[in-house]
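Contents: one structure, followed by commentary.
Going in written order, the chains are labelled A, B, C and D, and every chain counts its residues from 1.
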Amino acid sequence: MAVLREYPVSEIMNLHIFGRQGRQKQPLPLFFNGSGIEMTVTGSELWIELEADCDHLEPWVAYEINGALMSRQMILPGIQSICVFRSLDPAEAKTVRFYRELQAVSEDERCRLLIRSVKTDGEFLPPPKYERRLEFIGDSITSGEGTYGCDMDTVWVAMYMSASVNFATMTANALHADYRMISQGGWGVYCGWDNDVRHNLPSVYEKVCGLADGPENAAIGAADPYEFSDAVDAVIVNLGTNDNSAFNTPAFTDPVTGIAHRQKRDPEGHFVKEDIRKVEEAVIGFLKMIRKHNPGAHIVWTYGMLGYEMTLPLSRAVSEYSSITGDKNVAFLNLPNTTPGTHGAHMHPGPKAHEKAAEVLTDYLRQVLEM
Amino acid sequence: MAVLREYPVSEIMNLHIFGRQGRQKQPLPLFFNGSGIEMTVTGSELWIELEADCDHLEPWVAYEINGALMSRQMILPGIQSICVFRSLDPAEAKTVRFYRELQAVSEDERCRLLIRSVKTDGEFLPPPKYERRLEFIGDSITSGEGTYGCDMDTVWVAMYMSASVNFATMTANALHADYRMISQGGWGVYCGWDNDVRHNLPSVYEKVCGLADGPENAAIGAADPYEFSDAVDAVIVNLGTNDNSAFNTPAFTDPVTGIAHRQKRDPEGHFVKEDIRKVEEAVIGFLKMIRKHNPGAHIVWTYGMLGYEMTLPLSRAVSEYSSITGDKNVAFLNLPNTTPGTHGAHMHPGPKAHEKAAEVLTDYLRQVLEM
Amino acid sequence: MAVLREYPVSEIMNLHIFGRQGRQKQPLPLFFNGSGIEMTVTGSELWIELEADCDHLEPWVAYEINGALMSRQMILPGIQSICVFRSLDPAEAKTVRFYRELQAVSEDERCRLLIRSVKTDGEFLPPPKYERRLEFIGDSITSGEGTYGCDMDTVWVAMYMSASVNFATMTANALHADYRMISQGGWGVYCGWDNDVRHNLPSVYEKVCGLADGPENAAIGAADPYEFSDAVDAVIVNLGTNDNSAFNTPAFTDPVTGIAHRQKRDPEGHFVKEDIRKVEEAVIGFLKMIRKHNPGAHIVWTYGMLGYEMTLPLSRAVSEYSSITGDKNVAFLNLPNTTPGTHGAHMHPGPKAHEKAAEVLTDYLRQVLEM
Amino acid sequence: MAVLREYPVSEIMNLHIFGRQGRQKQPLPLFFNGSGIEMTVTGSELWIELEADCDHLEPWVAYEINGALMSRQMILPGIQSICVFRSLDPAEAKTVRFYRELQAVSEDERCRLLIRSVKTDGEFLPPPKYERRLEFIGDSITSGEGTYGCDMDTVWVAMYMSASVNFATMTANALHADYRMISQGGWGVYCGWDNDVRHNLPSVYEKVCGLADGPENAAIGAADPYEFSDAVDAVIVNLGTNDNSAFNTPAFTDPVTGIAHRQKRDPEGHFVKEDIRKVEEAVIGFLKMIRKHNPGAHIVWTYGMLGYEMTLPLSRAVSEYSSITGDKNVAFLNLPNTTPGTHGAHMHPGPKAHEKAAEVLTDYLRQVLEM
């Protein structure tokens, strides 16, 4: 019988913590899908102790062993240990990646997931090294919404989101790059799908996890400024899809100000100029913010996996930002639209659509980053 | 908050229990990979209560919602409730399939998995109906060995086996057929890969689960005669791969009789005639046994996913069985070999190899069964 | 033996002439790849009589029967009859498409291909009807350069170009749309790959075939104004790749004016502002020209099959055109870059790269044209 | 202008003549699909002079340059020169393969195709070397019937057959193996699809081209004994499909003997024993004949691309042959059936079906031949 030793996260030397993280390491909060820990261990057995809470959005997790997806499961409130493996050859080194599947949660203040410790009878060897680091910023597409579930499923719940089947992680894996992700379903660069102007990524980009509200999340560092201390080689933004939807949905009235917001189309169906201009200005502003925090990174604004209508306004704003600032290390790229037959749940991109997008993006980054 | 009601398995009217089953329904033992329960339910929440035990081989499980794989996880000893879903639209009908991933276990007497009850706030509606029923009989290929895991993984453990990625279940799903499976890694029709003559499927075919030994398994019906009460349309055997390996491995000495068994090759490397004849006779005998219990079924002996060397002896034995008995409703079919790049763990067929085999077998059965 | 009757092109009622055509119908010049004739005929036998000339660029042709590519061959100078089919069931209707594979030729004044007549023992039935019509404008990609040939082939010759394997014709076929194409390898919207400012598509767009020079081409109508009489539903431009290359190549000195032209990069490798502006202005001017002749068409500027570097200047120019003119029926779309392993000859997109681009473009047009 | 020199076939030192050939080399008859010449040449231009004749079945040809299919065309009666390439870089070496697309013809005594000479301004360099040599024996599948043409095409004509899209040539190319082919649509190992007992491959296997009748074919060596002088590593037989069809078609009355032949089914639809035995005996006899002429070759009987019903009789006969003769270097292998959506013309396997079969066969041969 294996004699397990428990290692608090903060005490493991050879631990690769990935994804967008704050200062707190013990216990280690996983705020975003695709945040987690990676380690190369000997030993026959390995457990990860979690602390979790939620109301209706359970923080699903997944883990991979030697790069192969092994398990994916719902985590319910409480402290619990997940057995990652047992009965393996103690002498052999295994690389384990354990990560959150559920996006950062802005609708369920109780939702949180923390890693307390790793228990094993093995040794921690140096984890894989990554030459490149990427940052992904997005909406439901980057949250992997619909990558699990039947194409007839329409209820919006935690289990349909993932980092395990996701163009962002597929791209990072194909390039053998470290990465961090920040995304939120329904949000845009200027406003949410429903014209809610509070639901824009720039408003939360500079905090560790500005999406996770409430005192408990604050206590674990969600509201802290994000430090951008690990330089990334490229920032991949995938926003605009919800800004597009806002032109098709009713006005949103701000509960605080009482002001109604609505992105409008003219009688012929085209975007009203001053409304689309709001999106463009938001793009320009967000690019300035991204550049400020990532001075050496290539920035590419990607778009198209759920329709191409915003291609011109988005690319125009990227051009305008480049002209205004003289920043040439910025680009625009269409990713292929989800075609009939490649949808997952919620009419979102399914696994094949994510694979196609990852193929285009991987090829793009390989050229830009000269890999 | 949902008010859940607990339904013991035996009391659920609208429950589809699938896979090879004995008489015991409460709690319901799941002996084989691909054994489980299916139900169409309303309600916001659903839990399945399990009772499990094991030494080193943990009974992994998986579940699908509306046909999409949602979760796969290790089950450890004890009584536990798995939350299958929460927070779904209570009015909407969901079809849930919950099943065992791990093959029947012959090396760990403690290993067992039973479903005690389903807890939900919904109603059980009539589950899907299946026009056709199939039986699969096999070895590690049918146990889905290597369908999870990295192609460098070589340790033999529970987590690499599955029913969720498996040519047998893929075929059944493609034909919308009910099915039952009996398989055992390393076993053959005459002997195991290591010449162990006790490791042949015919010896366990007539019991509910002749693979699960010990008094505890006996108590839940494993050693009972299997009743073959639900007629199948086709029996798909996939055996011979381990009988082939036996010609390459050292002798096995029966611990009881002290007799050494070894399948031999002649100096040129060909099978020694009397040894390959043992395999042929085992095939003939097993076909008689299968026919006895499945009088109306089409029987097809499939082979090839891990090499073609036994094609002639196996097909010759099928022909001889047909000649001897006059039974014409029997056939032989090569399934495509696993090619480099499509291996999973343990040098076994990976997901793509199972997909290719399922494509050939599905096409075959569609024609034979005139679907 | 079939008794054949000869029908001059101009006398065939039920003939679908496709591709960019001038007024001359007898004999019918085929100036562009993808120009040809289509007919639905009974009869056992059918011949097409051609008149051809060339110096070093032979006008290859291809033909399809009932939508399947049947033959592709080199045409040498002289008058000759191509037997399209023989010995078919006389009563059965066959649809034949016969077309030029070689792009319009600007380097070989002798190069020309004309259809004189069709000989058959059958009747001409009404040819297929097309609900939609598309126009494609492009460079070597649209000329199908490299769609035939080995990926090591680097000589620039006629046989590597095609309409038979081409994202433009694939798209038209997938949408069951009629089409016309105008393209020229090495040319751009502002200048050619070698900075030759005469090599821009706008300069030839308003003539039937401004690419085919010399008195003999003039005599068959190449220099006539193109009439744009058949309205198209969409214009798909695929230009910018050679304008990009010009930034990497030496200056071109105009042999007439003696002026040297060179698109330049700054020391950091970025496009010099006034040089990239020339491209943008050329885009804007060309869009005005396209709109003038295609008042109701959706115009989409596609780009990316051989690199993405011009995405921002091109899309910015499209936006600027839209702002200046108020024309909203215009768009920009990246097509996926050719990845390693999908190149054809000359480091150009091969068959798989064209298929991927056609998939994205087909999906795009299906949505925009609400098909 | 290139100055061409004409080289009669028999005078070219560095010429690789492939496919089943007799003694006559000048002019060189191409009796079978997949027969032709290969050469590596410098020079700007290359022509091949042909001599052809036919009544209703025109001997189509195809050619590849550096491994890429470049042209495919109908050849009509007369002497003619095909220009293979022009205007290429004279210094660069090009490898040309030129071959017949049409199967050997048993219904049109006039049909013949001969290569008289090659004209070029270049030099003949040593052609590619092949380590392995394969022989293919088959029916319409090996004749590539339906690999060109629309899936609605049902007339039986020359243009639908090929060696350019064919599981046999795909396999040889994938293994970089030289090959020879002998096949005939509608023929079997015992009888043709229509019970014509004269239509069996064994009856023509020992002649150069026993399929091409008449004095003119005799004059060019068709009726000569085939010399089997180049040893092959493997013989791949693909027969049985037409023997199967014979059980579903009316009797054939031999026009000479007046005897009626019909393969019969019993009232339950199974093969009548003495009739299927005729097929088995034909298999055994043919294997003896193949072995006699190919003493060192692996022989594999493949079957299944158009249905699996003959799997047991064919494999049983292969086993019986092996038992009788002690020949162990013989095998049976199912190739995957053509599934809906992968048919070509005439309900025969289309390009994708040939690709799938080639993948299985290539993998098989790679293992057996230890490549």
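Here is the rule we use: contacts are C-beta pairs under 8 Å (C-beta built on N, C-alpha and C of every residue); 3 or more make two chains touch, one makes a residue touch a chain.
Since the model is a prediction, treat every value here as computed from it, not as a measurement.
Seen from the C-alpha centroid of chain C, the farthest chain centroid is that of B. Chain D has its Cα centroid 56 Å from the Cα centroid of chain A. Annotation: 43 Å between the Cα-based centres of chain A and chain C.
Averaging C-alpha coordinates per chain places the centre of chain A 38 Å away from that of chain B. Looking at chain D, no residue sits in touch with two or more other chains.
Taken as a contact graph, with one node per protein chain and an edge wherever two chains touch, the assembly forms a single closed ring in which every chain touches exactly two others. All chain pairs in contact, by the document's touch criterion: A-B, A-C, B-D, C-D.
Against chain D, the residues of chain B that register as touching in their complex are 268, 270, 304, 307-308, 311-313, 315-316, 318-319, 322, 328, 331-334, 336-337, 339, 359-360, 363-364, 367.
Of all residues in chain D, only 56-58, 65-74, 76, 83, 85-89, 92, 148-150, 152-153, 155, 157-159, 345 touch chain C in the complex they form.
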